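Dropping the structures in below, format is structure tokens.
Presented sequentially are two complexes of chain A, the first with chain B as partner and the second with chain C.
Then we have the complex of A and B:
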């Protein structure tokens, strides 16, 4: 039994997207306080979205995050289409999935190889890994680039794609443009499989009590496909909601010693989103080859160790490459690149699966199609409670580590969630207003 | 272990209020990244590496705008430690989309977004880096163009000055033989007043330019405004078109009359 006391403060978290800090206080062998501090300056998207036209959130909300702009574009488009009663189907729907696969590949590989893997290898950066493992990283960079290439061909550019609009796209790519991606995707598939096997060989710390029975893992679920844009919101503990109902049950809660706001269901139900949740709720919908690879590397149907999320990200990357190839193979351009989405008064909501988890948008429009209220709940806001709980449980069970190692491991605990801190600042009045209203 | 070659110039990458996309552009240069990392010593780039070397730095890339008092002080210190300071992207060069707060009631904005506005400390305005310190070079765009970034770094490494285009997006459409979306389809387009650099991306996707590279030198806003009205675009819609990712830059050159 240790009686250690320490005050661990990491003022600048590195290898995460955005600006945050971490603070852990231990006294006499007991963890007294853990905080993931977010000091990213507040940009106020929900405020300046008011007064904008119904077609604008697709471009505007992309600017919340340079790493997952497609997620913002998709959630925004689906929310307004939901309001208008428009369903996008056929090749346009497939193109959206293809674009999203590009973002998953790029974002997952960036996180795995450049942000997260250095923790397991004890190095400072992916660039250092590239010097140590040049052959592996050449292929990994090509894999990442292939994700970006998909976004260039379908969306115009990888960061803040210009080709996405309500109802579809401004211009649909030709069959030939998509076919040209195939050789790169085939090479990328081999790299993705290699990457999975490589990261599966890392040593994984564990966190006690991180069992499915104790933790609610929330994701979309679609009856026919691994979820990207559509589905019901489900969990391993029996949650099964329409997206709009899910939004109504989101609440913020104030955690003691913290000024940060954390998303919960119903005010006290804690949960997490992201690859582990998607995997747990949808593993039966993956391809045979991905399931065989999961089996080979020891990922079961319900993986709950957050340190092993890097392997699940890899498996999702293999799946995204296969899904992209499947879509391209079946693609015939739509007759029109977009369907019309009228500007109507009402409320629309949607959630899609950003690489780091469920991203919820809700908009209210007036009779002239102008936005009167906007609500955005990013995945990192929803994961903040889980991150802090992991920090607490990890530190409490690893007090035998020296301070230096413990500090590094704590940062790794945070990186397990691929946190997007620029996004997390947009977190949220929404539930609080409503919670306030209920109170 | 990284071998530190003392002769390599040092590079630092800084973040202010932004989405991270412009600094991510550097990591998106998959073909050039390792070559760049061999030629420069990356001394401070927290998104990419845990290594943090104290300044001074030969080159600083600065992303994001100034929206807190703390950041207004931080940029002065960064300027002091930097040989060359290059701003990257619309937030750093023009205040970004968060400059939509400028002229609005910031207290009201804060209360719309946050449950406890008293916990939030932010300035009433979002301002470009050049409003606070001397800037040596600006890379425009929301996000910046990757090719411009690499060309700029290459030029700096070879002690050349990188000349960036000052013409309009229209010239890039002509160079690429992209038909004019405004002439051919009557699509509203900010290309005639927007600085080139993106390769006329939006028109190549049959879409009007939305001005994410900000205004070109001596942009004729009034003429474009007139033409957009002739195409039937409502004044409110023109106003919104100009008020997005470079709102502050367009606002600074728009004559008052053009806004109504």
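Then we have the complex of A and C:
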């Protein structure tokens, strides 16, 4: 057993969405402290929303993130529609799923190929990978572009869509406009499958004893479809709640080293959200082709190694491409692009599945439809405690590594979660304190 | 040969709107050349290299970081020489240089690729372009038209110069 002490500090974490830092302290072979520091100033979106009209969160919250604006738009729209007792179905519902597929594709591919893959290959950037694998990365870029193209056609812009409104859209695309996406999606499907096989060939570190029984994996669960916009909140440990009840069980606490709140269930239940949770709770709802591909690359019904989340993201990308093709094939434009959503007094909540995991919104409106309170709990806030637990367990079980390698691996542990630090309102730096040396 | 003008930037962020504004004015000019194609890139920039073909002459117009002379126009020929990139970056640092080097890495560079940079004074959310940048837009438009007309001419004097 090592008795080493160390102090690891990474002041600026790279290849993440946003910026932050990490600090790990080990004394006499025991990890004493782990901190994922988020030091970006709070962006006050919840405060901005108070006093605004009920139709405005869809546009305001889209500006929280350039990578996952659709998630914010969908959670905001559904929360206020729930409050008003409005259900959006038919082709408008399908268009929302299609838009979300576009976001999953562009976000997952950006993370997999450009932010996470360099960790496994020992290179510093996607450009280096592109020099080594030009044909693969050309197809990967096309795959990502196809996701952005869906967002442009359905949402009006490739980022920060402007065509989304309460009750649906300002304009619904024609059947021809959607059909024009099909050749790109067919090419994208082949690229997504290739990408899965490529990342599945990486060597994956592990965290000993990190079992499903030790971690609560939380996601939406819909009876008929892999979840995007709707469903109950479930977990592998028996959680099964309506979204409104989930909000009541959420507890957010402030910790000194982070400007992002840490979320727990009931104040003490640590959990995680994201692709591993979605997969674990919904694998039976995937297409046969995705399940066959999962079998081929060794992903079972319950994947618990966070380093293998990159493979699950790839499988979800294949699914999103297939779902987009399915929606386009069945699409007939709606009679009207949106349904009316009246401004009523009350409280409405919703959660949808952002690429990084469950995104919860809750709004309280007065009798004139003005927002009096807003709560937004992004996936990265919900994952912070799990990230710090992984860092602690990983460092504790890999103290034999040299400082440089250990620091690098710790960054990789964080990137397993594809953290959207800006969404969580925040930034990252990494440090380690290894005083005393090896014994 | 078709010249492609790509205006990169965010219209809602002060001088970052310079690239899109140049494209707007090129489109609005009487008798805008049919051999000139314009598009604005306000969003994902990584796939820039998929937007042109090997025979194209491409001119990218983008705002540059504030330094000492807001409104200064700089032209860089990126056809052959690699641009410095920030290496391992967060998504907030993915810029034109990353996109171009990615295109070079996958073997998708156009016949000629010029960057016209306009030095910004500020890029604050919700603000209009600053006076010096606004004043530089017409000069940038004229420069882009000149560069497009001389496309493919090796050693064109406009390359790698500041005005």
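Here are some notes:
Simple rule for what comes next: the second predicted complex is superposed on the first by the 416 of 439 C-alpha atoms of A that agree within 3 Å, B and C clash if a C-alpha of one lies under 4 Å from a C-alpha of the other, contacts with A are read in each partner's own complex, and residues count from 1 in each chain.
The rule is short, and it goes like this: a contact is a pair of C-beta atoms (placed from the backbone, for glycine too) under 8 Å apart; a residue touches a chain by one contact, two chains touch by 3 or more.
Because the structure is predicted, anything quoted here is derived from the model rather than measured.
Aligning the shared chain A places chain B and chain C in steric conflict. Legend: residue contacts after superposition of the two complexes on their common chain; A:295 is shown touching neither chain B nor chain C. Looking at the shared chain after the overlay, A:372 reaches neither chain B nor chain C. Of the two partner chains placed around the shared chain by superposition, chain B is the only one that A:170 touches, whereas chain C remains out of contact. Of the two partner chains placed by the overlay, only chain B lies in contact with A:59; chain C stays clear of it.
Applying the stated contact rule after C-alpha superposition, one finds that A:125 touches each of chain B and chain C. Between chain B and chain C, B touches the greater number of residues of chain A. Residue contacts after overlaying the shared chain place A:156 against chain B, while chain C stays out of touching range. When the two complexes are overlaid on their common chain A, residue A:47 makes contact with chain B while staying clear of chain C. By the document's definition of touching, both partners, chain B and chain C, reach A:110. Of 110-118, 146-154 or 218-226, the segment of chain B whose C-alpha atoms clash with chain C in the superposed model is 146-154.
Put simply, chain A uses residues 13-19, 66-67, 106, 110, 114, 118, 124-128, 130-131, 137, 141-142, 144-145, 148, 157-160, 422 to touch chain B in one complex and chain C in the other. Those residues of chain A lying in contact with chain C across their complex are 13-19, 66-67, 106, 110, 114-115, 118, 124-128, 130-131, 134-135, 137-138, 141-142, 144-145, 148, 157-160, 422. On the side of chain C, the complex with chain A involves touching residues 42-44, 46-47, 49-50, 85, 87-92, 98, 101-102, 105-108. For chain A in complex with chain B, the residues that touch the partner chain are 12-19, 40-48, 50, 52-53, 56, 59-60, 63-67, 69, 106, 110, 114, 118, 124-128, 130-131, 137, 141-142, 144-145, 148, 156-160, 162-163, 165, 169-171, 252, 259, 261, 422, 426, 428-429, 432-433, 436.
On chain B, the positions that touch chain A within their shared complex are 2, 15-25, 27-28, 30-31, 33-34, 37, 42, 46-52, 64, 67-68, 71, 96-98, 100-101, 104, 108-116, 119-120, 122, 126, 142-143, 201-202, 204-207, 210, 212, 237, 240, 244-245.
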